[in-house]
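Have a look at these structures, which come just after this line.
Below, chain A partners chain B and then partners chain C, in two separate complexes.
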Partner chain A sequence: MNMPLVCVPHRGAAGGASPARQVLLAFALVLVLGSLTGDYPRYVLTLWMLYSLSAIGLNVVLGFGKIYSLGHGGFMLLGAYGTAVGLSRWGLPVPVALVASAVLATAVGVVVGLPALRLKHFSLAIVTFAFGITLFQLVKSTAYTGGPQGLFLEVAGLQALWQGRVLFYVAALLCLAGLALSYSVMVSRTGRALRMIAANETVARSFGIRVTFHKLAAFALAALLGALSGGLHALVTGVVAPETFGPDLSILIFAAVMIGGQGRLLGPLLGAAFVVAIPELTQDARALAQIIYAVLFLVIVTLSPSGLVGMIEAAWRRARGNPPPAGVHVGNATGEEGA
Partner chain B sequence: MNLDLALSTAVAGIVSGAYYSLLGLAIALIYRTTAVANFAQGELGTFSTFLLVLYVARLQLSPVLQVLLSILIAAGISALVYRVLLRAQRGGDALNLTVRTLALYTLVHAVTLYLWGAHEPYTARGLFSAGGFDVAGFQLAYDQLGTLVIAAGLGLVLFVLFRFTRVGLAMRSVAMNAEVASLLGIDVHRIALVVWLIAGAIGALVAMLIAPISFLGTDLMQPYILKAFTAAVLGGLTSFPGVVLGGLLLGLIESFGSTWISIHLREPFTFAILLMVLLFRPAGLFGKQHLGRV
Partner chain C sequence: MTAKPPLLSLQDISVRFGGVHALDRVCLSVDTGHIHGLIGPNGAGKTTLLNVISRIVTPSAGAMQYDNSDLLTVKPDRLSAVGISRTFQNLALVNDATVLDNVMIGLHAHRPGGLLDELVCVRRGRRREREARDIAAAALRPVGLSDLARVPVTRLSYGQRKMVELARASVGRPRLLLLDEPTAGLNSTEIAKLKDTLLQVRDAEGLTVLVITHHVEFLVGMADAVTVLDLGRTIAAGTPDTVRHDPRVIEAYIGTAA
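What follows is the complex of A and B.
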C-alpha cells in the first residue's frame, strides 16, 4: 500500500545498521548476566524483563497508534489474578493457567475496546483508567480472589527451580518475543496503518484503512502482552495483591513507555529499566527515593519528548559531530492538538 | 426508600457533585485552552491545603483572609507550573505535555508525603460552624449549605467572567480555536496563564472545602480528581455548563448508587454509567462531536 504525504519515515532504533543483530546481542548479554549473578540481581533482572514486556505491549497502542490507554495495569491484573485463580482454585498446571488468563485478558480487551475505542484523547484515557480502577476494586472486594489480602501461589518449587533461572529465562524469552512482535508490527502494514491513524484518523479512513479494526487489534495485542507480564509477575513474586495491580501500576507502565520514548522500538526496555532500577538504586535514600524518582521522571519527559531513546540518540550524534538529519521528523512532533 | 433518606441522599449527592463540577471545570478549562489533561490539579490543591493548615493558619489573620491568601499562593504555583513546565520547554505534543503533568503529580505527591506524610492525618478546621438546622424534618448541615453557596457563587462568577468580560471572551475564543484566536490578535499564552491561575485557585478552594469534612491526608484529593475527570468527560469537554451538569449528575448517581446497591460497588457502577453514556454519545452528554477537516 502506498501512502505518500503522511507516511512517517521510519528509523532503526540504533540509528542504522541492522538493529535486529544489536538487539539479539544485547539480549544475549542480559541472559549471560542474569545467569551468572546472584539470586537477588537475577530477581531484579526478571522484574525488568516482565515490566518491559508489559511496556512493549502498551507502546504498540500508545506509541504507534497514539491511543491513550491508561488502564494497562488492568490487563496485568487480569493476567496475574487469572493465573493465581487457575493455580490455587482450579488446580490448573502453570502454563495452562498462564495462557488461559492471557486469552481471557485479550477477550476482555476486545470487549472493552469495542465501545471505548470510539473515544479519543482525554475521554479514552479516563475510560481506560476507570477500567483499571474498576477491576482493582472488584478483586479487592471479592472473597473468591482473596479480597484485600489477595492470593498466595504455591509456586515455591517453580521459583527455586535452578535458583530462579527458569523463570528468568521464560521472562526474557517472552520479552524478546514481544519485542519481535512489536518490531514486525512497526515495519508492517499494520504499523503504517496505526501511525497514519495516529496522524489523522479521517485521512486514514479515506485511504481505506479499517480504523476500528486496527485500533482494536493493537489494543488486544497490548492486553495479551500485559496479561502475560502480569501472570509472570504472579509466578515470580508468588503472591497477587490488589495494591500491586492498582491504578498506580497503570501510571507506572504509562510512565515507563513515555520515559523510554514512545513509539520507539527500544523505548519500553529503557523505560522499564528506569522504573525498576531507580527505586532499587535509591533504596538507601529511603524517604527521598520517591522524590528522586519523580524529579528524574519530570526532567526526562520535559527535556526530551522522545524520552531516553531520544536523549541517547542526540548524545550519540553529538559525540560523532553529526548534526541531526535534516527533514527527518519522527512522528511525535505534531504540535498542539485538540484545542 | 422513604422521603427523608431520599432527600439526604440527594443533598449528599449534590454536595459531592459540586466538588466534581468545580474541579471538572478547572480541568476542562485547562484542557480546552492548552490541550493538557492536568493530572496534577488535585495534588496541587492538597499541597496548598497543607500550606494553609500548617503555616498560613499561624499568621495573625482572620480565617477568611487566611483562606484567600492560600488560594492566591495556589494560583501562583499553578501559573508557575504552566510557565516553567509547559511553556518554557516546547517541542512536545499534547501527549508529552500531559505526561509532564503526570510527572508533576508524582513529584508533588512525593514531596507532600515526605514533608507531612509521617504525621497524617491532620484535622483541618472547618470553614463553617458545626451543626445544622432542620428543613422540613431533615438535617441540613452548615458545611453542606456553605459548600453549596460557595460553589454556586463561584459558578456565577465564572459565568459572568466568561459571558461579559473581555478576558472571558478571549478565553472562550482560545478554547474554541487557539490558532484563529492568535491570528485575531489574542495573546494565547497570556490567556493560558490566566486560565492556569484560575484553575489553580479553584483546585485549592475545593481542597480547602473538602479537608474539614474528611481528614487532611496526603491522598486528600485522589478520589475527587478522578471523579472530576469523569464529570468533565461525562458532561462533554466542549461545553462548560455541560461539565457542571455532568459533575452534579455524577454526584447524584454515585450517591443513590451507593445507597441503593452497595457502597463497595460504587466505582464499578459509576464506570458502567460512564461507559454507557459514552457508548451512545461519544462526545459526552452535552458536548458537540468535533468534525475533522483534512
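What follows is the complex of A and C.
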C-alpha cells in the first residue's frame, strides 16, 4: 500500500499520508454520517457526492492534463436529460437510462473533443464553453425535452427507498469508483503521459506519447463521470430544468476543482462541498452564495495554486513539525560533491 | 573508418522559416558508436537540425536516413520506438512530479499498458509500475541522482535537472541520443562529470550520440567527429582537433582564439 506513494506524481504526496488511506477514511466517515442523519442532511450529502463525482471527472482533464474545459456542465446536462428522457419518454428502467445516457455523453465527448482538443488554453476554454451553452439552449427550446420548464421524473418511489439511503449509497459508491479511477490515472503510465502533455506537447510526442489519444481519453472519461453525475442529479431531485445545467454550472464545477486543488485526489470533494454547502447555508439570498463563492475562488486560487488540499497539506506538515518534503537543501550540496 | 553505413545520414537538408534559410543544404553523417559534436555560433541552425532529426521540423528539401531507412517517413511519436531519443535546450520536465516520475516518462514507448489495462488488471498494472520504477531508478545511477529519486524536480539545481533530462532520454536505451546544449549552465566540475558519464554510457551500451554544445573543450578527448555549422551551412567537419584549427571555424566561431 505504501509503494504507490513513490510514483504519486504530485508534490503533496511527498509529505502526506497514503492517498488510498485518506480516501477510504474519508468515505467511511461520509457513509456513517449519511446513514445516521435525517432525510434532509442525507439529501444534501447525496448532492455533495454527485457534484464530487462530476468534479472528479473534470479534475482528470483540468488537473492532470491542464486541459481547460469550461463545458463540463454540458456533459452533466446530457446525463440528466438522457436519464429523464429515457425514463419519462421511453419508459426505460432507471439503471438502463442512467448507463445509456452516460454512454451517449462519452460518445459526444469523443466527437466534440476530436476537433476541440487540437486547441489550447483560451481557445479551448471558449469552444468548450460554447458547447455547454449550445446544449443548454437546445434543451430549453425543444419541446421534446420539456422546453424552459424541463421534465419531471416519476421517481418518488426510488427517492423514498429506505428514506433516500439507496440513492445516497449509489451516489457515494459511484463517487468512490470515480476516485479509484482518478487515482489509477494519477499513479499510472497514463497519468504521467497526461502530465507530460500538460508540460510540453512536443516533448511528450518525442517520448512516444500519443498526445491526441491521451487528451481524448481524459476528456471522454470526464464526460462519462459528468454524465453519471447529471443522471444521478435528475434522479435525486426528480426534475431536470435547463437552468440547472446552464453555463454557470460549468463555471461552478471548474471553480470547484480549482478551489479544492487541481490535480489533487481529494481536491474535487472539497471543492464540491462548497458548491453544495454555500447555497444551503445562504438559502434566503442566492446572490450572496454567488458572491461568497466568487470571493472564495479568488482568495484560494491566488493564495494556493494547489487549492485547499495544498493549503491543508502545508498546514499539516507545519503542525507536525515536519520539515517540508525531503531534500530542501539538496540542490547545491549534492550537486557539487556528487562525484 | 569502418565499412559499416552510418547510423544517421542527412543529405542536403534545407529548412526555410519564411524567407530565412535556417538550414541550407546541410549534410551530416553520424557513425554507429560515435560521439558526434555539433557546434556553431548562435543562430547557426544547430537546434533546427536537431529538430529536423527528431521530426519536429520537416525540411523543405533533402533526405535523411536512420538505420538504413527513410527517417522522414517516421512520425514524431514513433521516434522513441525506433530508438531515437533527445534532450531539450530549455528544460522540459514535469515540474510537479518527482525525479523518478520524470525519468519514467522516458519509458512510455518502451513499456506496455494502457488505462483500461491498469483499471482491469490492477495487480499486473502495479507489477509493471514497479518494474518501470526499477528501470528508471537504475538510470539515475550513472547521472548520480539515485539519492534524489523521490524529490520533486523543482528542488533540484539547474545542473541536476539537466541530468534528469539525460536520464529520461537514456532510460529507454535508445540507439541514437540527441543532446541539445547539455553543458549550458553547468559549471566545470559538472561538465567534466557529464563527459565521463557520456563516455561511460557510450562504451557500456554502444550508444551513438549527437551533441550540440558551445564548449569546444567538452568535445576534445570525447567526440569522434565534429560538424561546424554557421548561418545554416556546414563550414567544417572532422575531428575536434582539426576542426579547432580550421581557419574558417576560427573566423566564424572561435574568433580570436589561438
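Odds and ends about this structure:
Keep in mind that, in the parts below, the second predicted complex is superposed on the first by the 298 of 339 C-alpha atoms of A that agree within 3 Å, B and C clash if a C-alpha of one lies under 4 Å from a C-alpha of the other, contacts with A are read in each partner's own complex, and residues count from 1 in each chain.
Following the convention adopted for this analysis, contacts are C-beta pairs under 8 Å (C-beta built on N, C-alpha and C of every residue); 3 or more make two chains touch, one makes a residue touch a chain.
This structure is a prediction, so every number in the text was calculated from the model and none was measured.
Applying the stated contact rule after C-alpha superposition, one finds that A:Ser141 touches chain B and leaves chain C untouched.
Once the two complexes are overlaid on the shared chain, A:Ala217 sits against chain C while remaining clear of chain B. In the superposition on chain A, contact is made by A:Asn200 with both chain B and chain C.
Contact with neither chain B nor chain C is seen for A:Ser88 once the two complexes are overlaid on the shared chain.
By the touch criterion defined above, A:Gln159 reaches neither chain B nor chain C.
Residue contacts after overlaying the shared chain place A:Thr37 against neither chain B nor chain C.
Contacts of A:Val301 after superposition: chain B is touched, whereas chain C is not reached. With both structures placed on the common chain, the touch criterion links A:Arg189 to chain C but leaves chain B unconnected. The residues of chain A shared by its contacts with chain B and with chain C are 200, 202-203, 206, 332, 334-336, 338-339. Residues of chain B touching chain A in their complex: 31-35, 37, 85, 89, 91-96, 98-100, 102-104, 106-107, 109-111, 113-114, 174-175, 177-179, 226, 229-230, 232-233, 237, 264-265, 267-268, 270-271, 274-275, 278-279, 282, 284, 292-294. Residues of chain A touching chain B in their complex: 62, 66, 68, 115-116, 118-119, 121-123, 125-127, 129-131, 133-134, 137-138, 141, 200-203, 206, 251, 254-255, 258, 262, 287-288, 290-291, 293-295, 297-298, 301-303, 305, 332-339.
Those residues of chain A whose C-beta lies close enough to touch chain C in the complex are 3-4, 6-7, 9-11, 14, 181, 184-185, 187-190, 192-193, 195-196, 198-200, 202-211, 217, 221, 263, 325-328, 330-332, 334-336, 338-339. The touching residues of chain C, counted against chain A in their complex, run 54, 56, 76-81, 85-86, 88, 92-98, 100-101, 104-106, 108-111, 113-115, 118-119, 122, 125-126, 128-130, 132-133, 144-145, 147-152, 154-157, 159-160, 168, 172, 189-190, 193.
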